[in-house]
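Below, chain A partners chain B and then partners chain C, in two separate complexes.
What follows is the complex of A and B.
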């Protein structure tokens, strides 16, 4: 009898100890897989480009497909790939700065807009025209992001977001003085559904409604930089690095993980609870139902439920594809793989993907 | 009987294995933050903890780049408030400390016979301007850079330095959020306002047993973010701030309106968070209004300017300081003598930390060679320079590359600051044995 009593106390004690150590908010490892990884575009037949192939520099910040040509922003200038040839444009041609960080193409006019380390450049009709703080109402010369939204061109800078009306040729500047930003440090901008979203460093995401001209903000509800208190309660961190919108979904990248917002619910993703290659996300581009995530440890593609991640081996040109659905994970060899695992930019058009990395550019073809 | 012994032994093993598994917590304690004051810790474990090992690394390319062979100077950048800023005096001291380190290194032969050259940039304290300065440093091909003091400038510069991939050594910005960005291109070698707040709160609430504190602070970001940590700690220790008043960053000299409100509140003590000039003026006006409460201040009061303005009213004021300038440290004594000889003035906290920070950059360049990524790797590996003994004391970086070395209290006695070590909060650091880790 006494032994039973001791045994019971022991079991309860062990239960309490183990229970205490795992106390807290836990997330289920089993997630539903309504869409399935089979629908996520998968890419192969990778071809890589470096200086040896004609790029002006190996560090590629941005890539944009523009019809039959591909525009690549590097630290040493703009590289244009057309008819299997590379052509380089630099400050000598009229670009504001050789460090080209962001690229967008206006659907309205076909003009190319370049966000550089020294100003904003428009490439129109073969002529480069540059905007700087000195010759225009731009908030700062270091342009982290540029996006064309109809007649407007939006930029994100460390001195605030700017909107350039190409008809009136006037700038509107948005900072903590006239928008719900904690600080005016903005690093990404995207547009869609008659709205514009701005990634504000330390201030989460700012939404601007083109119709009402009103702003609203989305911040991490726990209000602390060192934690994410609850999963799926809002943007995972206030230090946001990139935003992209497609098919009603806003994707928000941070250096701490990824967030997905469907207009009602937020969902957070980290590398420990999903197939995300790394929590350090340089850039995100949403195309259709999929988000293409440029991380410091590879390229991930997701629909929010399943994941396909491309990584390169350390010591050779090969790599692997990691497919994750819920807790199920599988790997396939990839030969060759992407140019480098530190991925900075991506663009997708039809069945071709272009990936800008810390060391070279990659082109892949859809294989499913 | 044997059963009981077996069960009891098993019980002891399980209990003690739990205790032993906590041994690593000391090593990974973020920001010297004890359990009792970690956000939400008394109510809810977080789903994800950041800034705890294994921390982020820079995984990009660049280590393969060969050093140039045609250099005539090895350039190191400097960004500080040198013109058109309310903290020019602090910036000039930071520049002097940097210059002294460069001159000493050049006297020893520079980098393999090539002299170091400081590329000096002014931060004007306006939003965004620092980004342009960092881009200029990239164009100038600096190998690393040092700066700044203003937290706005530092944040903007940090994001730009990530894009350019140039190592930034921060020796003057105390904003706790600066290193909470996960950017692997900076270290901070000065204690931040989180450490100052912990030290102040410990002293105010536990040593002096005050309960109700009124705060008056600058409306600038330095005041807003700086005092934020103190407010958090005060709340978690069970002493919510009874009142918070603000004043303008520049130009305000009459604080009667704010101080009347504080007087009516009858707090046990008053905490001032601002630059030296305004802090001195506020101390005087507090006493002129007949308030005799103990006064505590942020660390920028540790200056001749504050002592001169506050005069006798400064006596009894307690603040913090990121080092002890009276420490019996031979390298500190030598630095102070060399500095006085070179610049004709006593070095302040920004000069001393800049001297240490610039020496770290120089040592990293000499060890790693002329490659930005390799210089970064050495400065951030938390091995090569961990526990570096500089003129400001021992530099210890936590997993966010934030300096969590010793911090000191400073009390004015007979018109001079007297320094003594801040008491540590003794609780164990927060556990990482939870979801996400």
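What follows is the complex of A and C.
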């Protein structure tokens, strides 16, 4: 009994000294943040999920918060987390393919749309209905991204972008034949401000105006150079991997850095001149004024000026959080850290963040 | 005898000889012609049967035919003094003085109106116009259509939210549900709602809306069918669940008990998994209702209204009495209302397990446990409505232009209100009655309408049980505007509808006496003159093709492929599918034969309104138009397509979806629109 009391006092003392808890960041830790980082959200109390916790597979491609439940696209099917329980849905339930790469939820109807490696699936009223390139006008079965824009559902596929009108049930296909793309391979699509943006492999960003039904493109003024010759002159590279729009800002992810576009000016960010975890960015999601960046070396969050990056140690489940504002950089220990550094998907709702990685799913809570 | 008289006699004799010379060979020729057309030798030689009663257009056709009202659905005013009757064929709302049996007002609404709902204050009705894609809002005191609200494609069943802020509209052709904000007076949401839905009902507490489908999901032949009931959370206007009704389809209508403990759905249980020779074993179509228990873990079960040796086919409407004690189902094909004792039904539900009830879903004798009365009606009873005090049940007798009145206490018919339609029953009208009546089938088991709902097709694949069981299964074909599309059947063996519906029909399908010649004449007359294609408002409302459809038309008519090579004539779409019916009515092998098919060629089908006829190909193996080529196109056997991109195929499919009634096609238009590609 006495031993336990001593141990408890020791743990509390260590906690007070380090300013971190073994369960993650705390709000008190936030007080030591670098100056100028503003209100950029910071997350701690990470909890990781793997197959051992109920996920159908460890490789998680996408995550989406849908009300009280969390939808996770894995290589082994759709995992749904609700009431602290995981439920898995697969091709046996009607999903087009178990490899689920993208998820979106229609604000209009509440339907869930799943972009998979073998087609597009609508989950409505508990029933899965699948569209493929064989049974519908959908461009291609390999779907990297899906977004609901009112009554339309847009997808980015290996064979062009597609727009499905849920009212008329008609598909439109956009490729290099009818849109300013370099080739039909598209990686990401997002919507906002009555426009749709498509990340087109080798073609930069394609903007579709819902009013005029016309396209325009944004390409790297430096051409195919792998360095950004003239900074902030446009999208940093033509090989774009993801786009996300929020609050008037378009964020463009590439494998060579990040771009931010406010409708007039472009700004580029790289790992060597910002707090970006890596130039190799798999995915970006913009929520409010912040962009959440999924890279091959961790997760970064930014408002365009300050950065918070979460990285996991190579040899254990701990890691660190790196806070960068201008030239100032600070690091803190994180225990546990995110599930894996190869981050593929992210979603944020209220004060909770969910992170899909190549080995497991992570849940963090906002601590500031 | 003078010379002139002799001349007169000679002339007379010559005329008689000539007359005889003409009469006997002429009669022989006529006999041969009629025998060929009817495929029997005994049909009376009446030229008028075909050459008068099968005229669909023109002044003579107008003289021969009549315009009927064909009441389809109805509502009752809050004080019970008036009926609001949807007259489908007239496109009118009829306001009837229910006490004095007098039509007070004719109000023109949209094309082919379907359903009606009355506001709580009784001052306004909403009417769905199925062939106009809109809702007519009628102010009852003034009798004026005050608004027309846009919907999806083919609006049918409608209901109001409990607070009457929203109008829910089932879009049958679009297979979705439109949510109209009645303050904004516009559609704010469109949700998927099964396949070919019509029925809709809101729970008494206003929290839940059910939408029942008519068509089943397309499944390969041999697999059990499932038809959807969509459940809407009316507090969020979002779909909360989709219930699958196994082995059933054609769920026309749905209704809650006043206490909200049960939802009842009219339905048909087709036995399409077995050859149709089973018909004399009571094994082609069964008719009944579904029950969805509203308690937690509530069951979905099915019960029959049929009984041994007697069927109550084509159940349409279902409605529960105000006191919740009885439910009424209109069986359109047998002119009967079946009455269900709800307490007896509850007892059955309490006593039996789901497994046991699943067994009794096929038991013709089980209906004695809850069916307490069969009430006769006029021809083709459709929509039902109760008076506000529940003492009267009103029945829309579609093919008699009357409203039947039934005393809900004695369960006896007490009156029939005449809508004032034509008194003369034309041949085509008689044919429609034959078409919709089950008396021509074994023990009233089904009608033409059963497999051809809305005169179209039910989307199922049947084994018509020819000489080889389990072979040559075929998908039901539409009957819309088939005049001019001979031959008939997938194998084209029937040169006329007479042959199709004559003796072979009774031998193969109805398993009872063949239609009498007058009935057969009438039936053929109706099929060839009275069945129209709905306008293609979804894909071609004006006749002006979209850019994609225009590109598709060029592909349809092209002579050269994408590489500049000439396409062989038999590889061009337009060769076998020329306007106006988009068929050359020749036999072709397009590589679609299945292992279970005999080696035959198929009659080239016409393509007008083809977008409504999924699944495709003779055995329904192609779920969508795309699959005709992506899965079953083979080595360019069904047209030259393997050079096409996915975008080209989409354009072609979009063009095919734009095809409308043949009446819009003309040789002149064909020449003007001919592609230069």
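Methods note: the second predicted complex is superposed on the first by the 329 of 368 C-alpha atoms of A that agree within 3 Å, B and C clash if a C-alpha of one lies under 4 Å from a C-alpha of the other, contacts with A are read in each partner's own complex, and residues count from 1 in each chain.
In this section, a contact is a pair of C-beta atoms (placed from the backbone, for glycine too) under 8 Å apart; a residue touches a chain by one contact, two chains touch by 3 or more.
As the structure is a computational prediction, the values presented were derived from the model and not from experiment.
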Touched partner set for A:151, first chain B, second chain C, both or neither: second
Touching partner for A:171 - first (chain B), second (chain C), both, neither: second
Which of chain B and chain C A:340 touches, first, second, both or neither: first
Touched partner set for A:185, first chain B, second chain C, both or neither: first
First, second, both or neither for A:255, with chain B first and chain C second: first
First (chain B), second (chain C), both or neither touched by A:139: both
Touched partner set for A:159, first chain B, second chain C, both or neither: both
Residues of chain A touched, compared between chain B and chain C (which is higher): B
Which of chain B and chain C A:124 touches, first, second, both or neither: second
Shared chain A surface residues [contacts with chain B and with chain C]: 133, 139-140, 159-160, 175
Interfacial residue positions of chain C with respect to chain A in the complex: 152, 174, 176, 189-192, 228, 230-231, 236, 238-242, 244, 538-539, 548, 623-624, 626-627, 630-631, 645-647, 649-650, 653-654
Residues on chain A engaged by chain B in the complex (per definition of touch): 3, 6-7, 10, 13-14, 17, 21-27, 58-59, 61, 97, 99, 101, 117-118, 133, 139-142, 144, 157-160, 175, 183-185, 187, 201-202, 222, 224-231, 236-237, 239, 255-257, 270, 272-273, 279-280, 296-297, 340-342, 357-359
Residue ranges of chain A touching chain C (in the complex, touch as defined): 108-111, 122, 124-127, 129, 133-137, 139-140, 151, 159-160, 166-173, 175, 177-178
Residues of chain B defined as touching chain A within the complex: 3-4, 7, 10-11, 14-15, 18, 30-31, 39-40, 44-51, 56, 58-62, 126-132, 134-135, 138, 152, 155-156, 159-160, 163-164, 177, 180-183, 221, 433-437
